[in-house]
Every structure is written in C-alpha cells, then in structure tokens.
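Below is one structure, written out as structure tokens; comments come after it.
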C-alpha cells in the first residue's frame, strides 16, 4: 500500500487506540478497541497475512471482545464517573504519559534508524491458510499442543474462580 | 511500498498507548483492554517482521499470541468476577488491602 | 591418615551435644552429667595430643587430610603445631570447668544450654586445628551461633541487643574475609592448583596493593574478634549480658580466635602487607592497652571492668605478635593462654558473687574478705595474675612481649609499658573496693564462701596460674619451632637467621660484625616501617 | 670486677625456699596458731643459718669469688634466656645476712607484738612470703629473677600495709604503695629492656648479671645514661626517693614490725642494692651518677625537714627513713657504693631498733601513736627507753655508734669527690636528723605522761619476746659500725675492702684520711648542736616550739602539710586521669564509637521503614515503576 | 506427515500434564481431598522416578525446540521435587481453607508442566508458552481461596502485572525475531556473530530482561511480589517463591547464558545493576516487615539478587552457581514456608512475626527447623545457603566482579538482621501462640523435616550437588 493509505490507517489506528485509553465509558472503550482490532486486521491484510487477519476478526473482535462486553454488562458497569475523579494524582498520570511517550519515541526512533532492505517478494500463498496451517502443524506442533493445555487451564480457572460461592 | 520501519514505529506507538492505558485507567476491565491493545501492537510487529523476512513464523506466533490473549482474558475476567463478589468494585486503586 | 585423634577431639563435643539433646527435659542433672563427661573426655584426648606432640619440629602434627569438595579444592585438613596446640588445650581445659560451674548457674533450659556449649566447643576446636581456609571459615562462623544463643537466651536484661550486636559485628567482618579468601584462592588458582589448603596458599604471589586489601579484609575480621580498639564496643555489652559460662568462654577462648587468626593466616599469608601495616597495628595495640585500662578503671560494673581489661590485655598480645620476632610472638601466645586462664577465672569469680547477690555493681560489695576468706584469697591470686605479677603466669607473657616488641619498636613498647601501671591501678582499686574495707552492706555479711564445686572449678585454674608462672619451659619449648617457622615466613626475605628469632642482635652481626646491636635494632625497626 | 672464681653450689635455693615453706605452712594450717608462731620465725632463722654457712664458704674462697646455684632454666624464648639462679658474692652476702638476720629478730618480736591479733597466721604468712621475695631479690643471679623479688616484696608490702583491711585508709595506703612502686617498676623494666638489647651479643639476649657486666662496654654513652636513669626511676620508687617517696609515710598504716622490717630495714633498701648491683652501668655514665647524687641529697634534706614537725611516732621514723635512704643514694651518686651498702646495714640495725622500740611504746600505750599523748615513759618502759636511746644516738651519728661511721664515710666521699655542696646538704641534714630524733626521744620518754588516765594506768613494758630483739639490735647498732672504720684507724674500712671485688675501690681523690677526720669533727658538732637544740626546745623550755611555730607560721604550715606534695599529685595526676577515663568511657566509647556503630545499623533499618511506603498497594503505581525500569534498560541498550 | 517425535524428550512433560488432566477428571467425582492429594503425590513421585531414570540420556524433539539435556533434567527433577513438597504441604491446608482440591492439584500440576517446558525449551516461542501455562495456572492458584479478599487482590495484582510483563516479553521476542529471523536459541546464538542489527537485537534483549526480571522478582520489577506472596494461600506462595522463581531462572539462564552468551559484554552491566538493586532493596525492605510471609517475599527478592550476581558473572561458573543456588534456595525456602503453614491454623493464620514468640522452646521441632532455615537463608555454615553464597561469590570473584561480591556479602549481613530477628522472637521472647500438634499434620511436618534435612545435607556435603550443577549446566547443546 502506499504511504497515503498507511498514513490514513495509522492515524485511524492511533486515534481509536487513544480512544480506548481515554474514553471515560468502559463500553465506549470496548467499542473503540473493536475498531482498533478491525483496523489492525486491515493492516495485516496489507502485510500479506490474510489468515491472521481473518483470525483477528473472528477470534479477537468476535470472541474476546464479546467476552469483555459480556462481563461489563454482567457487572453492569456503565460510566460511574470514576474516571473523572481521576485516581493516582496528576503527578502520577503525568509520569505515566511521559513514560509511555518516551517508550514510543525511543522504539520508533530505533526502528526508523534501522536500514531494512526492501522485503523480498513473498512466495505464492504466503500468509494463506495452507501456509499457516502447515507451519502450525509441522514446525509448531508442540506449541500448538501446549495452547490446548493453556486453554484447558483457562477454562478450569474460569470455572474455579467464577463459580458461585460453594459453602 | 511502505518501509517496514513505519509499521514497526506504528506498533511501537500503539504499544505505548496500551501501556499508558494500563497505567492510567481506573476501571480494571479497561485496563485489560489496554493490555490487549499492547498484545495487538506486538502482533503487528511480528507480522511486519514476518513480511520483512519473508518467513511465515511471525504470523504463526501471532496465532499463539491470540490464543494466550484469549486465555488471559478469560482468566482475568474470572478473577474480576470473583473479586467483585467479595467487594463490588472494579477500581484498580481500591485494591489496596495488601501494602507496605 | 592413620591417626584420627584430632577428629576425635573436635567431634566428641558435638556428639555429646546431640546426646544431651536426647536427655528428657525433666532430668536436667542427666544433661549436666553428660555434658561434663563429654567435655572431660575431650580434655583427656587433648592431653594425649600433647603427650604425643613432638617438640623438635615446626611441621604440623597429627595431620588429617581428606577430600571434601574436590572440584573447589576444599579439603578436610586438621593439624596442630606449637601455636595451636596450647589453644586447643586451653579450650578443652576451660570447657569442663565452665560446664561444672554452670551446674549451679544455669537452671532453666539446661540441656539446650549444654547443647550450645558443647557445639561451641566443637566450633572453637575446629577453628584452631583447621588447616583448610574454607574449613576454618566454616568453624569460625559455626562458633557464632551457639555463642549467640548462649548470650541471647540465658543472658541478662539487654541480652537481645548484646547478642545481636555481637553477631552482626562479627558477621560483617568475617564475611568480608570470606570474599578475601575466595579472591586469594582464585589468585592462587592461576598457578593451576585450586586449593584452600593454607599450607599451599602460604607464599602465593600477590601484588602489593592486592596484599594490602586482602590483609585488610583478614585483619578486620580478626581485629573485631580480638577485639582491637576501636572495634571493641561489642565486647563489654556481650560480656555483661552473657551468663557466666558464656563470658568465660568468650573471654577465655573466643578472643584468642582473633589473635590466632592474625598469627596463622593474616600475617604469614601477606607478609609484605604485614610489614606495611605494622606501625598502624602497633599504634592501635598501644592505644588499646592504655584506653582499655583507663576505661576499665571507671567501670561501675565488675563484668564491664573485666571486659575492658581484656581489651587492654589483648592489646599486649597484638603488640607481641607484631613484634614479629620469636620472643614477642612466643610471649604473645603465652599471654593468650594467661589471659584465657586469668580472665576466665575473673569471670568465674564475678559469677560466684553474682550468683549469691544478683548484682555485679562494685558499689554493692566491699569488705568481702571477712565473710568470704577463701574467695578473697583466690580472687587475690587471680587478680595479681592478671596484673602480671612476677611468679604468676601473667608476668612471663607480658615480659616476653615487652622484650620482643622492644626489639621491634621502642616507642610502642615504652608507651605500652605504662599499661603495667594502669593495669595495676584499676585492678587494685577494684579489689580494694570489693574485698577490702569495711562491710558496707549487711546482706554481704552472711554470704556463703566458695562451695566445694566452685573450688573444684577454680582450683585447677589457680594451680595452672602458678605453674605457668614458675615453670613456663615446657610450653615455650613446645611452641618454639613453630613460632620460629612462622616468624621466618612472615619475615620472608630476611632469611633464616633473623627468622630463627636471633633478632637484630646477630642477623646483622652476620652481615657486619661488632656493630653496636642497638644500631641494628633501630635499623630493623626502620626496615619494618 | 666480673670474672672472679665461680663456686657452683646447690644449697642457695634453700635460703628463699625455707621462708616460702613457712608461707605455705601458714596458709595451709591457718588455724594452728602455735604451729605458725613457731614455724614462721624458725624458717627464717634456719634460712639465716644456711646463709651464714654459705657466706663462710665465700669468705674462705679467694676474693672476688662467688657462689652460684643455677636452679633451672626459667624463661627461654628464642635468643632470650633467663634462669632461676642464685649467687652469693660479697654484696649479696651482706644483704642476705641483713635480711635474714634482722628479719629473724623481727619475726621473733612479732610473735609478741601480734599475739592478740586474730589473723596472726595470715600475718606470718605474708611476712614469710616477704622474706622469700626479698631473698630472691638479693640472691638473684639474673635481673629478671631480681625483678621477681622486686615485685614480690612490693606485693607483700601491699598486703601487709593493708593487713588490717577493714580500715579503708589502710587498703588505700597499700594500693598507693603498690601503684607508686609500679611507676618505678615501669622505669626499671624499660631500663632492663634497653640494657638487654644493648648488651645483646652473639645472638643471645640475657639479663644474667655476669652477662651484663661482661658486655656493658657495648653500651654507647647515651644508652648508658638512658639505662641508668631508667633504673634510677625504679630505685626511686622502691627506695622512696623524690619524687616517688610519697607512698612510704602512708605505708606506716601497717603493723609496726612490718614498718621495721619492710619499710625500714630491708625492702626500701632494694633500690640501693639494685644500683650497687648494676653500678657498672652507672659508672659508665657520669651524668647519671650526678643525677643520682642530687636526687639522694635532695631527698635526704627534704624528708628531714618534714620529720621536724611530725607528731606521729611512726611518721617521724618514716620520714627519717626516707631521709636516710637519701643518704644512701647520695653515697651511690658519689660512687661510694660500698659506703651506701655500709649505711644500708647500719641503718637496718638502728632503724629496725627504733621502729621496734616505737612499736613497743605503741604496744605499751595500747595503740597510741601520737607523741603529744606520751611522755615520761622512761621509768615505765626502761628497756625500751635504753634501747631507743641507743638507736637515737646511732642515727644521730654519735661518735662510736654505727650510724656515725657509715654516715661520715658517705659525707667523706661526697667531699672527696668534690661534691662540696652535696656535702653541705648532707651535713646540715645530719644536724636536722639529730634534732628531730632527739625531739622524738624527749617527747616520748621525758616530761609527764600526757595520755588519758585509763590508757595511762596500764602502760607496761613489753614482754621479753619483744624486748630481747630490741637489746640485740641495740648491741648491733653500737658495734655494727666498727667493721667500717675510717682509713687508717685500726683495721680501717674492712667492710669496703670486703665489698671491693664487687663494687670496686672508690677513690677519695687527693684528699687523705686527715680530711675525713676533720669532716667527722664538723658533722659531729652539727649533730650535737641539733641534739642540744632539741633538749632546749622540748625539755628546758617546752613553750618555745609553739611560739616558734606561731612566729614562722608559713614555714611551719608548709612542713606540717608535708609541702602538700600528696595534694599536688592528686590534683595533677590522679584527678585528671580519672576525669580522662570517664571522658573516654562516656564520650568516646559509648557516644562516639558505639554511636557510630549503632548509627549505621539504625540508618539501614530506618531506610527500610521509609522505603516500604513506596509499596502503597496501588497496582498501577507498581506498573509505573515497572515501566520506568523497562525504559531504563531499553535506553541503556540504545545508547551503548 | 507429522515429523518423528523423540518421546523421551517430552516424557516428563507428558506425564505431568497428563497427570493434571487425570487429577482434574477424578476431582469431578472424588471429593476426598486426601485421596486426591495422595493421587497427585504418587503421580508426581512416579514422574520423578521416571525422570530420574532418564538421567544421562539426551533427547531433543520437535526439531530441537524441546531438548532433554542434563540442564533440563536438573530443573525437571528440582521442579518435580518442589512440586511434591508443595503438595505435601497443601494436603492439610487445602481442606482447612476449603479450596477445591481437584482443581487445586490439577492447576499445580499444570503449573509444573509449564515450568518443565520452560526448563527444557530452546525456542523462545516455547518458553513463552510454557511461561504462560505456568503463570496463568499460578494466577488462578493465587486467587484460589476466593472467599478471601486478600486472595482475590493477590490474584488480581499478579495477573495485571503479569499480563503487562507478557507484553514486554512478546515485544522482546518480536524484536529478536526481527533482528535474527529466528526464535530458536541455537540459531540466534550463531546469528549473533554478524549480519544482525545490533541495536534491534539489544532492544529485544532488554525487553526479555524486563520480562524475566518480572518473573524472578528482580528490582524494579518486583513490586508485585510482597503483595502477592502475602495475599496468596501460603502453600501457593511457597510454590511461587520456589518453583516459579526456579523455572523463571531456568529459562532466564538458558536464554541469556546460552542464547545471548555472545552478548555478555553488552548485558552484564545491566544485570550488574539489577543484581545490586535487587539484593539491596530486598534486604533493606525485609528489615521493616512485620508479616512473615511478606518478609519472606522480600527475602526471596534478595535471593533473586544473589542469583543475578551469578548470572552477571556469567560463564560456566556463573551458570553452575546459579543452578546450585536455586537448589539450595529451594530446600530452605520451602522449609520456611512450611513452618509458616505449621504455625497457622484454621481461622488464625498467625502470620505476624510476633506470633512466633516463644515457639522455639514450646515446639522444639518447629524451633529447630526454623532456626536451620533462617540461618541457612542468612548464609551461616555449614548450611545450604552458605554453600550457595560461596559458590555465587566465587563465580563473581573469578570473573573479576569484586565490588559485586563485596556488596553481596554486606547484603547478607543486612539479611542477618531480619532472619535472626525471627530467631530472637522464637527463642528469646515469651509468647502464647500454640501450634497444632505434629501428629495432626503428618504430611506438613514430614515436608518440613525433609526440607531441613536437605538443607543440612547440601550444606555439609556440597561436593556432589556442586558437581551435579556444573555438569548439568555444561550439558546444554
């Protein structure tokens, strides 16, 4: 994609991300996050990661965000104005923003100084379902299996922690 | 063609924004979202590098990151619910029984 | 390794300690007897050690050697020479007495007390006979804990403060020494041989600054134990709070660890640094002598007085050691033994009246001669032993130290000799206020004189005090070869003659005959500074 | 003077051993009074016999010979060696006989004097122990052994002064004696060390007397002076010379026999003996000798003046002792070592006599020591009176009496060696001596008894066990001096000749015997003058002294106050030292050093307490710290 | 077309995770805690034995991303042993706290499997996943006592910061991947030579350092430790303090000393600073604690500092020292937490240090063992902690980090301050708290005594273990 598109996308991404961070209402934040994720999916597509882009939309924007919203609703947390009475004190917030800023600038500066050669033209089917799947089930079999344990743990955990108080 | 650096820079910015979110938001759920944001920023980095290197690994890793993110989200939210049962609040700064 | 005598000596108390723990809590006497038995066995074993000791060699004897941590060159090496032999004997001699004394002194948590006491004995003996730096360090630290508990559990009102202070003080210094040890070994390892065997580490090639740093680290650890001014402030607290037995061991043996460490490790390992540091050490020693004596004089508490007197006495020992000639060093070693006996006895004596009156304030006594004639007599002898009255042990050591150090450093000796006066001052004044004069307090009128057990405890000490004063020959003869060897090692380049202890007088005579020996002495003094 | 034939023996050790046995006996069978009262004097008596036997052997041997008994090697360390060895040469022969002889008499006397004291066994134990130490001192063939005796006698004097320990001042006096002596000893020890190192030869450090005499030539002049002066300090301590004399008057707190034996006849002369013994060193340093002489003369005069106004019998005698010791030191200083020893001997006789006499008086007056309470005892205690008179005459230097010869020999040497000023001081002191001694005599035995009636009516003469020794000593005080007649008289200075092999022949310079006689005349006249004055003051017109005292109030005060030396020392040394000690303890030790130590510990703990509050429980604050750390690490990687 | 798998290499992992699943399943039907506990115990025991049998074998599976070398075996065995002890400790505790035994043990086992992955993985992705499996299980365990506000809070804090750290870990991996094009340590190691962008790489290294620093509780990433340790159920705290830290260091050491060994010059300064900060902060703050769990938390931070000293020294000596220290640390620290468990009782945790007053003589067993643990933690010979410190400081001195060694020993002096205070309270001050008799908690006391014995043994006969640590470290491919 061309610089212009990138610029547009990037701006949109940053704005939506900032919205996630600053918008007082959790629900709105969640929405902003969904937007961010979608935009990222778009970027992925441009980067030739079609499969991942699809997963991004399905798993993230689909499953995970729903979970979030679900919990928000469950605990019916609308904006209780808590954010307005900002916590921690101005100094702390200042520190947080400065810290974030420094990190961003440092890393960005680092990356922009790295002389990347022009990327080789990717092989056919790069980033397609088959390519990813092959890698996943051949080179990354063990990690893949591990994720199963991981999810199992997560389930157990969710059950253990969220079940109604037993005795 | 946009150079890889730009993507990386973009991801860095997103990562930082996420971090800031973790620090400054009061509502723990939103804090979680911020964390998700950070993870996604990292994903962008991976994908960008994968593209740069012309290898698929980066994308596969992203897949794992998503799984982990999902698992963490589930557990995290479960923890919130458990805590909420004992003390109905989701304000990060009210978790201060343990200190000093 | 055919002989295991040293191992027996070192570990017997530990076995005893563990057995004592098994004695049921409701039978304190059982624990007491067991402890006494084991300490006595240890003593007898150590006598066998002396009996079999060859006085004609400087070599380590009864050496045992076994691998412990091969990959680190850490070995289990025990051995005695003329230097450590008598310190071992001192330890094994004092422990049974302390045990016996504690029969009446310690009434609660009896078996635990004796457990720690015997554990302590193992630690001390081990430290004296270990020839592997690592092993030495292990025993060295091992001593801390039992002593810490003895002070902390059975001590007086401020025992917790005192014990913690004792522990931290010593720990700080000795941990720095640990680093120095590791450094030394790593340097020596460059020669290919990774070993903690001190006999091999002697003469490790070190740069001057290196030596100074290492010496400083070692010296710090030992100086705290000695204790040398100004690192002595833990001592009065520890002594005052410790139970009598603790004080006796602390003063009698533990302090010797410091001086022994100097002689066995710090000085021969780093001869050049020793030479460089000598003026400083001598200065501190002299200050310690005078300072200790002065401060002791104004102490209202008997134990504190004795504690500060230790600072003064150990100052003399340091003076003798850093004379670095046979006379001075032998005097120093002899003085270690004397101090062990006399100060130990002094603490026992204080313990006796403390047990009767539950006070140690000098002001609470006076005129004790009438109600306690036997006590007063023993006290008299012990006091004069500690004052260094000729005919008693104290004199031999002190005189040799003075002779030796005079050959090394006139000024220091001159100042130190003032200690003869000040020492008499505080001791006699204390004696006058406690034993002489009218009975100031009614409650003292009917105190019980020394009991049979107490006499049994004190008599051996008094006998030794006299014997060592009248006939020091066997002791001196036994330590002479080892001392000469050590001096030779420290004197290093000065060659065999000087090292043979024929100081100045003729080592330079060999070079330039018929010179006024005075000049030589001064020359030597300069050479050292 | 060294060299000479060595006659090895193996009996000398008995001489000190016997009293030591007595000591052990006394402490072991402490409650068998009879046994002790017999054994203690017996031990000394036998010792005297043995000594006598040894001396006879010596006399039969060629001049300069010495008996040596090398008992066993005592301290042997590297090049240093000191044996327990005894010697009897002329010098120690004299001393050993004095010590055992006079000692024996005083033991006997004590049997009576201490009869009523419940801790008599302890007394004899100490006394025997003293004899042991003193004999060790005089017989020692090695300066270290000598030092053992030296300190040993100090110990015993400490114990005996504080014998009646219930009284604080006695204990204090004992302590004072020991400590002041220790000051001297410090000098002595340093002297010995310097001597040992300077005479070190072919790899041997030794303080054997023979060794020292042999290598004394190795001493550089400066060294010799240093050694000599240090030794002088030691002697001054033991023999109560300026400025260390202060302990002796207080020492009178002890029982009177003790004062007689230790603080008059024997121990205090140890310093004299030591200098005589090591005279080779002093001879090597004329300057040191001068100092010795001056110290001696000064002490003699100084003490005599104080003695003028004392009212306590024993105090008078004490100061007179100091004064007489001054004479002896003066003798040493002018190189008349033999004369010094001669005076040691005569002084031992008459001063012991005087003390025992005083003791007898005190005994009779049931403990009273103040002459103002006495008087007219002539009839009540005849023996005491007569013997006391003899003693007085002897010390005053009445012609023919012991003191006469010894004192005049000293003065003669002073003159002869050109110390005219010192001679003058000595002569004047002699006059003073006569005065205060007769003053004492008159106040005690003439006029009316001034004591309270109840004391008065059982004033009694002492039992024979006490008076017999008095008589014997009286006899000695008369004839004792005849062994040392001036040059040219009958057999002349036999004593000096006897000692000569050890102490060398002092040269009287160009002046001959005539001068000595002339000087004698002068001093005798002075003595008579002093005596007469005393007679006028205290017998003829007893009012006069008060008037005089009132007229010369300042001077009188000064003398009564003993020149306030004690107060001076107290203010100059004792108090500052105590203050310093307190300062060191409270400020330096507890506040500064310990403060620093505990300060460090506290600092660490306080920091812990402070920083723990950073852990405020707010997870997002934690995250910020986290982020900070991360940024730090990353930026480090970027900048390098 | 699945590739051939060297089953030996994955055997421990399979066994443990499988055991976890079984435990979970059984837990649904059996609700006798003790039975479940025994099940877990026996299972772990069997795994331990099987793993021990593998000693000497070398295996690698999934084209070398998961290896079974001595290094892995060392940590597998250590972690399994710790797991066994923790289970032993938990058995009475679980039923006293009413935590669901089935899930509890299952989660412990899953955590262990995660750790095993971390110990044997040579691929950053695997390490990442293993770390996640472990962490998430422990997040849950920390909150397992969900009726307790403190437990919730602990879980929450741990989770939040943990996830935050995960972000950095991933970012680090990403950068390294970007720089070297690989996530496998061996490949990375050889790529270090040249052709990689140094700055990119270092940034990645720094990020990894942050993440590992968090896991092993290194200052300034330690802030969670005290709160979480205090809030979590004590048995879980023990697991965190020992097992999690061990696993963390297992990965940390392998990644840095093997993977980035070539960059030692670049990161040693960073580690130096971290080590100093960690030791000092940990010890100084521990001095100020009143709650024993919190005190032990800070102490564990301090000990992480000592291990960082070893890593800073680097090289075979440093690595071996780290391994050995972890071994010693496991013994004494488990024991300490065991005593904490033993002092507490249903309803009254007795976690204030003052609650220990007089226990020393009232309950001699606890007194003696606690004394051993505290002295060992202080580093008094002849106990494990001392041997560990000697090894660590030897490494530091050999590599020329003298200042570090000195700072280290001074720190252990400070540490004496609070460890000894426990003894002061136990032996030198009167108190009233009574503890449950040993007979009523056989498993717990067994575990305590076991730890004590191990602590003493390692201390007195370190030779064998030192050798083991050295060989294990060197056996890495």
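A, B, C, D and E are the chain letters, set down in written order, and residue numbers restart from 1 in every chain.
What we mean here is this: a contact is a pair of C-beta atoms (placed from the backbone, for glycine too) under 8 Å apart; a residue touches a chain by one contact, two chains touch by 3 or more.
Bear in mind the structure is a predicted one, so any value in this text is a computation, not a measurement.
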Shared chain contacts [chain B and chain E, defined touch]: A, D
Where chain D and chain E overlap in contact partners, by chain label: A, B, C
More contacts between chains, C-D or A-B: A-B
Label of the chain whose CA centroid is most distant from the centroid of chain B: D
Distance-maximising chain from chain A - centres being C-alpha averages: D
Intercentroid distance (Cα basis), chain D paired with chain B, Å: 98
Distance between chain centroids, defined by C-alpha means - chain A, chain E (Å): 31
Distance from chain D to chain A - Cα centre to Cα centre, in angstrom: 103
Distance between chain centroids, defined by C-alpha means - chain A, chain C (Å): 71
Overlap residues in chain D, where contacts from two or more other chains coincide: 601, 612, 615, 617-621, 623-624, 627-628, 630, 634, 638
For chain A, residues that touch 2 or more chains besides their own: 87-88, 92, 96, 99-100, 103, 107, 110-111, 114, 139-140, 143, 147, 150, 153-154, 157, 160-161, 165
Of all residues in chain C, the ones touching two or more other chains: 168
All chain pairs that touch each other: A-B, A-D, A-E, B-D, B-E, C-D, C-E, D-E
Residue ranges of chain D touching chain E (in the complex, touch as defined): 601, 604-605, 607-609, 611-612, 615, 617, 619, 621-623, 625-626, 628-630, 633-634, 636-638, 640
Touching residues (chain side chain D, partner chain B) in the complex: 612-613, 615-620, 623-624, 627
For the chain E and chain A complex, residues of the former touching the latter: 1-3, 10, 17, 20-21, 24, 61-63, 65-66, 98, 100, 103, 106-107, 110, 113-114, 117, 125-126, 129-130, 132-133, 136-137, 139-140, 143-144, 146-147, 155, 197, 199-200, 203
Touching residues on chain A, where the partner in the complex is chain E: 107, 110-111, 113-114, 137-143, 146-147, 149-150, 152-154, 156-157, 159-161, 165-167
Contact footprint of chain C on chain E as seen in their complex: 361, 375, 379-382, 386, 390, 393-394, 397-398, 402, 405-406, 409-410, 412-413, 416-417, 420, 424, 427-429, 462-463, 466-467, 470
